[in-house]
């Protein structure tokens, strides 16, 4: 196991950036573990949420941003709801995910691809077009068989449309994405 | 006035039991009245009630404490009496109050302005609607309502609130000619430096004569006014505007919840400083916070001498 | 010594001995850093504070005045702060007619245990006064500024 | 009811697809209770979870566009059946109270958005604005004999400061409605546990585990069915119930209703209007049992 | 007045951020200042001697010390100047430590500010006048409020010291929380064996008058002469004749009354004696459950009572007691944990509080000392203890540590094993706080010898699974989410201020912190005093405390009272209001606003005037700011003194 030099490895810019973007004070965390205790996704995490908090507090940027846990958080907010120090842990997870994205960490490819496909769908249609979303996802992951088994079950229910619903303002929505891209490029 | 004779009769009836009755009579010219101290039966005839009866005679009461005093009051004057009673500054059993329905008194400053430099006044005839003044060169006809004092234009208490004898028919609650505090509100809309500068400019001409204080029926410190005291030593005796403003603030704060806006302070000012506005400001805030008006109920407790655990209209700053 | 030019404004505090003066002490014991503008006058009770002291301070050149007492119901003398609240509120509302911003004067409640709250109050009040800038002055070195400002306004 | 209830209605993307029956039944129930819903004219996606995982200003921009649409309708409150949409719309409104953030979001939009509109869930307006007792009065076909558990999901009332609705750990809104409809409500201990949310596609295993646990628990407390208020929860529990059974070796056949569907039934609305037939796990047995109980009672 | 100024370095406390020599130099320029110096520790013996020497050498008429807060050393320096022959009020302090050096690091600003504060102090000092105390008689009786272990200790120590004691207890029996405990840590000896005899001592002590089931209605007066109105709540039983035989309780048909003593574990009868060792051992009727009182039928107890002491018509009664000092020992209450929805908020019967568990463990408790699950009466196998429920939790407004939960949890885990050898205890904890003699050894024993499994982490959720409870928590040391199947969950519920603590504080005119715990006079030097003379604190009313600390503070409070009463007369504070009869116009506004009724109207040459009764005046100064004439002035805080401070600070 690697020995960590606490002062040399402390990335203060990272800590202040997380605090600024999340509006949370990391020093409030006293490591009681209640977030981990309540997190439904702990079983899937490589680093538990309380340890993410600890690593963030101690400025261990790389270790945090490369964690798969960031991509498995569903923002169910159990952590936020029950934190004895009223830290919005879910928001910190969100912010860490933003940073991971910006720094080019893929985390879990399927999850990232799914979210991207979802947003692609919104960008081009103004709303989510479920079949389109799935197609986009499959084309990026090659996971053809994902939910193919559900087809026969739901096709007859009239829930599946093969054409997106047309909405007038979809260009407005597309423009939101375009402007966002420009802003982020700055 | 229609009820003047009736009033004289009442005074005549009460006088034997009284040391003095305070009223008004004619003065150096037909345009002015002056306070009149009735001690003997023959003094009664000189009594005159008219829109020239501007003085608030309640101012004399605390000084006459211990004597049996009768006093003729307008509605506004009666509020000063109420306030003095409430504050334990006069004894109700020593005071006999003669009330009448007041239709307003004139503001001599307004008349003076309307006449210009007209020389001596020869005659003055006041009807229900007009004042006709004959000066040395010509006759001036002035509309009465325009010559009324500001306080009369907003008056809600034309009848004496408290009286032992009331002559004439009560007016009840009239519709005021103007809403109160309009002038104050206009002043408040000025900028901060304008407001600050205003007082420096206005009070710069104060001569520290303290007529405002002497005219005030509720200024009861007499020989121990903060203005001239060294213990407590609030003010210097220097001729500086800072202490002049400070005196007016002290006066206004000491009047908070007590002032009935009789306007005697301002009327008495020889250099026309609008000192009443400061008291009006206090009063309006007192009214807004405590729904309290001074001089209407002798049993009431003034708001600054009491409290509620929870104050409904005070919102404290959140930090 | 005058206020430190460009650094400080003159802020006067009137604090009751039992709660707020203690709260300011607690803040000191906790080393809760505060701006240095404020000077504290200790009085036994907020009920002792004649609101005219506030005006006197402003007229003598203070830029801000802060009064602090025990929380309502916690007055060491049972009722002092209740009287104070009414009187100070009236004075705060009165100040604008004189040409002082109402925000130059605040009153609040800080208990002896609330060191942090005291720090917060001092910091935000000092900030509030700095945002307003120096109060108009009648006499003294800044009086010329006041007169110029007035001339410009009138 | 004294004054008419009028709301803008934001259906959310899934209402046109996987949660069609939620949309249908919400509209039908509101119509039956004289609650006027007017569709937000040209609504777009709120951004859902994926948007806020990318950036908060993007997420809020997508939501703000819709709030602005509502404001232009002249209505001051908006309802959505979907908790995810609700959370996004409310979060956008709340965060945009900060001037700096507001500018950032408005930068992304065609024109600055008016975001003063309040958003509530369909569940919230039924409970708070319409009232449980008024619902009780409208019941014509009580759900006698239906033993049901109420599952709220994780974000219906989180975070508490923002959502301002119901108990954080033990919400009762649906429990109370079901009780008013005549059903027997069993306290479901995992009311606010997460079902696996949108991981159904990228990480199915997670959903199998989490939703599987919900089904096991519901079965354990003797529930015949679960009632939900969230399209994602319902989809994970209903549409994927077979997948769950396969993955976990369980044999659940538990119908997963939207609470509006059961309300509709109790109000006497036809099954077709409520999209009962669109449920993947057939509720037939359960519904037949209710009918049988009713008949028995009548006899 | 010749003034001397002493600017203290306080070691480096002040000197580090204030140029004290510069402050002294600046002070020399002030009017009347004839001597100024800076000293290392002004409060030390050489420091004080320097003041005395300077007074003599320079013939000083007054002294200013610029150092710490006057709340710390004003008394000290007043005595110093007195030693040099000055009146103690010819002294002022400038607080340049708490209000300057400790709150800012900018030396220039701090020095400048200190000079201002010294100028202010000298200006005020110039207007100070010698003041002299008056002596007044005192009533050497003491009131003890609260009959828990702290109150009992204070009462017995005072009574043994020869004082008459009045004890007021709001519950029907004294004993407080300790009486409910089964065993005590770290000795695991029986709580009632320790406390019981002390309770009996209270009952039998000739110097102690006990009012149980009574509350403080009103407190008037001041140190030496308090007048207390006590409300004796209606018990519906004449306690003078009740013998505590218990027949009424045996036969009472209404058996569903809330059992407060047993923390709601089980029910009791409408007429009951809280527990067999109760002091006083008297019955009392709970009117909410008494059929006779509620419905007018029954009357069984009245029929059976051998001494005929039942009275269904009884009303609350008020008695007045006069005392000279008050010991407040009102203890604490348990945090209402139902705010924790994630722990079931009271939905699950097998999730109980530590104090309920204590009653269950007690042989005289409702289960006879058997550990049984409230839901089904079965013996639990896995018992899970959760610590810090309502402690160290900002989200529920309880950020403080309750101090004793770690210890009692360890004790309960040990007792669980003693009662049920096959059981297994788990403790979820955040940190173990075992700072006391033999305390850490005790918690170690729970782990090492009793095999209690300590898991470091909070619990996020408890929910039923079958007939057991699933406890889901974290083991942060493992970095994992953990689950425990529990048969019984015991919450180590934190302590909070006793219900009604705030209202009592208002009556006592003492202050309390934001959680309702009473404020001591000084956190280090006056741990049992309050800022109100004659009122002392004992036990957990001042903050959570375990038994030894509570007992220690009870004795300390008693020592303070005995010290206070060692003199026959007390000196009044001369900082009182004085009326200037020339200025007074007799309007009575001061009389109207004085909270203490310390101003009376008197007649002077036929005119009404105000007159201050010196021994009643508390020195608040409300009258001074009320009087428009400035006729009534609070000594030492006169208008002129405060104005001089304003003028010193605000120089245009």
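Letters A, B, C, D and E mark the chains as written, and numbering starts fresh at 1 in each.
FYI, a residue touches a chain if its C-beta (ideal position, glycine included) is under 8 Å from a C-beta of that chain, and two chains touch if they have at least 3 such contacts.
The shown structure was predicted, so the numbers you read here are calculated from the model rather than taken from an experiment.
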Treat each pair of touching chains as one step and give the shortest count from chain A to chain D. 1
Joint neighbours of chain E and chain B, given as chain labels: C
Average the CA atoms of each chain to get its centre, and name the chain whose centre is farthest from that of chain B. A
For the interfaces D-E and A-E, which has the higher count of C-beta pairs in contact? A-E
Centre-of-Cα separation between chain D and chain B, whole angstrom: 70
Once you find the CA centre of chain A and the CA centre of chain B, what distance in Å lies between them? 75
Round to the nearest whole Å and give the separation of the Cα centres of chain A and chain C. 49
List the centre-to-centre spacing of chain C and chain E in whole Å, with centres computed as mean CA coordinates. 32
For chain D, give me the residues that contact two or more of the other chains. 168-169
Among the residues of chain C, which are close enough to touch at least two other chains? 51, 56, 60, 73, 79, 83, 87, 138-139
Quick check: what residues of chain A touch more than one other chain, meaning two or more? 43, 78
If I apply the definition of touch given earlier, which pairs of chains qualify? A-D, A-E, B-C, B-E, C-E, D-E
Chain D - residues contacting chain E, complex: 167-170, 187, 189-190, 217, 220
Can you tell me which positions in chain A touch chain D when the two form their complex? 40-41, 43-44, 72, 74-78, 80-81, 88, 94, 97-98, 101, 108, 110-111, 113-116, 118-119, 122, 126-128, 130, 134, 137, 146-147, 149-150, 153-154, 157-161, 165, 167-170, 172-173, 175-177, 179-180, 183-184
Can you list the chain C residues touching chain E in their complex? 1-2, 4, 7-8, 10, 12, 17-19, 21-22, 24-25, 27-29, 31-36, 39-45, 47-51, 53, 56-58, 60-62, 70, 73-80, 83, 87, 111-114, 119, 137-141, 143
Show me the residue ranges of chain D that touch chain A in the complex, using the header's touch definition. 13-14, 16-18, 20, 42-45, 47-58, 61-62, 65, 104, 107-110, 154-155, 158-160, 168-169, 192-194, 196-206, 209-210, 239-240, 242-243, 277-278, 280
Residue numbers of chain E touching chain C in their complex, please. 26, 69-71, 95, 97-100, 102-106, 108-110, 112-113, 115-117, 119-120, 502, 505-506, 509, 511-514, 519, 531-532, 575, 593, 595-596, 618-622, 624-626, 634, 637, 639, 642-643, 645-647, 649-652
